[in-house]
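I have a structure here, written as structure tokens, and I will follow up with some questions on it.
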Amino acid sequence: MKTSPSAQTSIEIPPTAGFPLVSQGEGAKIAARDVNVFYGDKQALRNIALDIKPNEVTAFIGPSGCGKSTFLRCLNRMNDIIDGCRVTGSINLDEEDIYHRRIDVVQLRARIGMVFQKPNPFPKSIYENVAYGPRIHGLARNKTDLDEIVQTSLERAGLLGEVKDRMDQPGTGLSGGQQQRLCIARAIAVNPEVILMDEPCSALDPIATAKIEELIDELRQNYTIVIVTHSMQQAARVSQRTAFFHLGNLVECNDTEQIFTNPQHKLTQGYITGRFG
Amino acid sequence: MDTRSAQAARAAQAGRSQIAETVNAGLGRRYRSERRFRAYGVLAIVLALSMLATLFVTIISKGYTAFWQNSLNFEVALPADVIDPQGTRDPKVLASANYLGLVRDALQAQFPEVDSRQERRALFAMLSDSAPYDLQDAVLDNPGAIGGTIKVRVSLDDDFDMLAKGHINADLPQDQRRLTDVQVAWFQSLEQRGMVEAHFNTALFTNGDSRQAESAGILGAVVGSLFVVAVTLALSFPIGVATAVYLEEFAPKNRFTDLIEVNINNLAAVPSIVFGLLGLAVFLQFFGLPRSAPLVGGLVLTLMTLPTIIIASRAALKSVPPSIREAALGLGASKLQMILHHVLPLAMPGMLTGTIIGMAQALGESAPLLMIGMVAFVVDIPNGPLDPATVLPVQIFLWADSPERAFVERTSAAIMVLLAFLVFMNAAAVWLRKRFERRW
Amino acid sequence: MVARDANGHTVRSFEEELNQLTNIIVRMGGLAEAQLAGAIQSIVRRDSDLAARMVAGDARIDEMEQEVHSFTVRLLALRQPLADDLRAIVGALKISAELERIGDYAANVAKRALVLNQNQPVKPVAGIPQMGRLVQEIVNDVLDAYVERDVEKAMAVWRRDEEVDELHTSLFRELVTYMMEDPRNITPSTHLMFIAKNIERIGDHATNIAETIHFLVEGKSLTQRRPKGRDATQYRPTQED
């Protein structure tokens, strides 16, 4: 277990029945404490405490139904649109609780972007897809600015070369991998600080997956990335820190290398070696 | 170990071949039942098409003759002292001349042997009541002919028109017919002289309703229908779409919303005449709006088509995939932005289709409009939604009641016009749907 | 073989392959033990046939090392192992290399026995079997520790190598003294010195195996330095204390 040598706040979670190891809360981009999520009466997440470090890729792994996607969606309050979903505890973005009454969800989602499992470009032109976000948030003063934002975003997403002569064709006409990169370009067009990715490669072939993983590595320099994935190999390749969820609990969160060579918890070991799940 | 797996393989093979046999045995029966099912389908379609064909053939066969009309085309003497004694050529003076007498004289001139008053009445029955006005129009157009003669086309009375079209059975005994033998003989004589002309019945499309069948037209009803549909569209589309958006996107999922939904679905099944009663009680008696006005008709039909539009719009909204909504929300769009920018445009084709179908239904409605008085005999073409008017289905209903043979063909002709509108509107709905259909 | 967890891998063939790997190591270890025992016996009983058989037997251990090598490469490529599976496979690779060296040293001992037996018996020969027995025990214990994945046992082995070092030093002194007594003793004594060195190296490899077992089970390498006995083979003149 890695302990930060200059930790000032240490969250002690008494180990009960093999429970978690929490990283220390130094300079975290997103800090979650005591997060519980309920769907109606059913509890989906229990006492989650987790730090996401800036400019790093953090991966959430775990078996189906363990709550990793639920927790991801808490980070940009996408769970608000689900009826009957209740979130308690605090999730801080740069020291501000995003569930505070005064926080504007619309503004929050401009700071924390999201890419979904199945590529979902709008049925509009490629240009319009990328331009929509900046438009509604008023990020461009005129057409030239908007063009520039669109170009930069497409370039950063590694798509510009492939689409620059067909920007007014529908986004739905691209291949699966290209569509997903379009969705990533769309997300970064609003200049977020954090990008959440919910199994972004699960619908793609290996080459497209590799391209997206490369893209994630490049994006890391400018954005903080949180990725939910079913593939342990992908988490191992792509992330610097990994968090393992099981049945709504955060079992272990540590440097990726540690998790995959020497996990501290039996459950983690069992999951990643394929003994269950 | 080896023999065991070999045995297992053989058993599996045997099992598979047994299954293959069973499947093969059942195949014949399955294909036969599929063919039977297809035959039923084809039979049903053939039946429906034949009924449709019967309907069309019946209506068209009865109505196509209404599209032309026979008129009397002959020379009328225009003595200047009768028409314009002062010779001023003043239009007002010209308009007030006794054209009735002139045209009757002209007709009598064709049959000089007719002299008794009874006989003359029988002869003059040939002329339509609008014949003097035909002559008046001709003279006003061509004042230079005053003092001489003018070749003018005057409308025939509807009985004679029917005679010309062959609808009057000359074999029946005289007292069972509308026209006497003498009248028939006169008419045939005129025909032989080449004075009977058949031409396209523009009066059908340019005149309002009339007691004289030969002058009756559907223009008043068409304009009334258009006003009614316009009012209905202007009211029901925005209200219907807004309601659907509210119910689908904003309404909380509680008992009250369920109640609203159940009521809307029920309203779609309410007999339309009930809406007419409602219109009578509320719009006419309580609010005092003018009776027979397209405005009131539009209001009543709005109530009637709203459930249809709401239900179709909700289905269209539901069909927008949640992935698009989530993508928009994830970018930081507010709920209203998400709906306006993404959901509504994608749902619009479905909404429009539902609206057009609702309008087509409204176009063909008569029962609720009867209740609010649009069954009156309205001659003038309405100028606005507040003028009294009637609608095409009601016009058809009224004409169907009239005994004159000419109204029979005009009723069918009006039905054909109405059907043409409906077919056109439904075709537009289909085209719209196909054009904007999207594949996700 | 022993199943380490109550529930094994979901993919049973993987579980079986891991067990198979352990089995090969165990067999290899047994062979190495036998080679060592046979080599020592060939010295004690002056049995040149036995020595010759031991020399030939080393080829089998080399083969098995190749087998382990290709098997682990295959497992790494096809199974993408993680965590304890990864450590087990990498550990097996390392242990097989150590066992192969042990087999080589045992064969070297047997080769020297062939030469020794052609000469007159030499007095200090008596020290060899004692050292040999000790190292045999150590190798046996470390192989048990591997099978049982028992870190305590491995650590005990790790510490016991100190005894081997002590024995080696005293045998070295004895041989030096013997050589100084009579120059005709130099040749056989030198051979004995090499034999003792080989046996001492076998002990070192056994401690390497113990360190690998520690890494395999604990996930961390041993950071301490093994306690060594007084090393008489250093150039510095020894001090009597």
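Before moving on, here are some points about what is shown:
In this document, chain identifiers A, B and C correspond to the written order of the chains, with residue numbering beginning at 1 in each.
Note that contacts are C-beta pairs under 8 Å (C-beta built on N, C-alpha and C of every residue); 3 or more make two chains touch, one makes a residue touch a chain.
Small disclaimer: the values here were computed from a predicted structure and weren't measured.
The greatest centre-to-centre gap from chain A, using C-alpha centroids, is found for B.
Chains joined by the most contact pairs: A-B. Chain-level centrality, scored on Cα centres against the all-protein Cα centre, points to A. Distance between chain B and chain C, defined via averaged C-alpha coordinates, is recorded as 104 Å. Spacing of chain A relative to chain C, judged by their CA centroids, is 51 angstrom. Chain A and chain B, compared by their mean Cα positions, are separated by 60 Å. Under the contact definition stated at the top, not a single residue of chain C touches 2 or more other chains.
Residues of chain A that touch chain C in their complex: 232-233, 236, 260-263, 268-270, 272-276. Put simply, chain C touches chain A in their complex at residues 5, 7-11, 14, 80-87, 219-220. Of all residues in chain B, those touching chain A in their complex are 253, 321, 323-324, 326-334, 337, 341-342, 346, 438, 440.
Contact residues of chain A toward chain B in the complex are 76, 78, 81, 83, 106-110, 113-114, 116, 118, 120-123, 132-133, 136-137, 172, 183, 186-187, 190.
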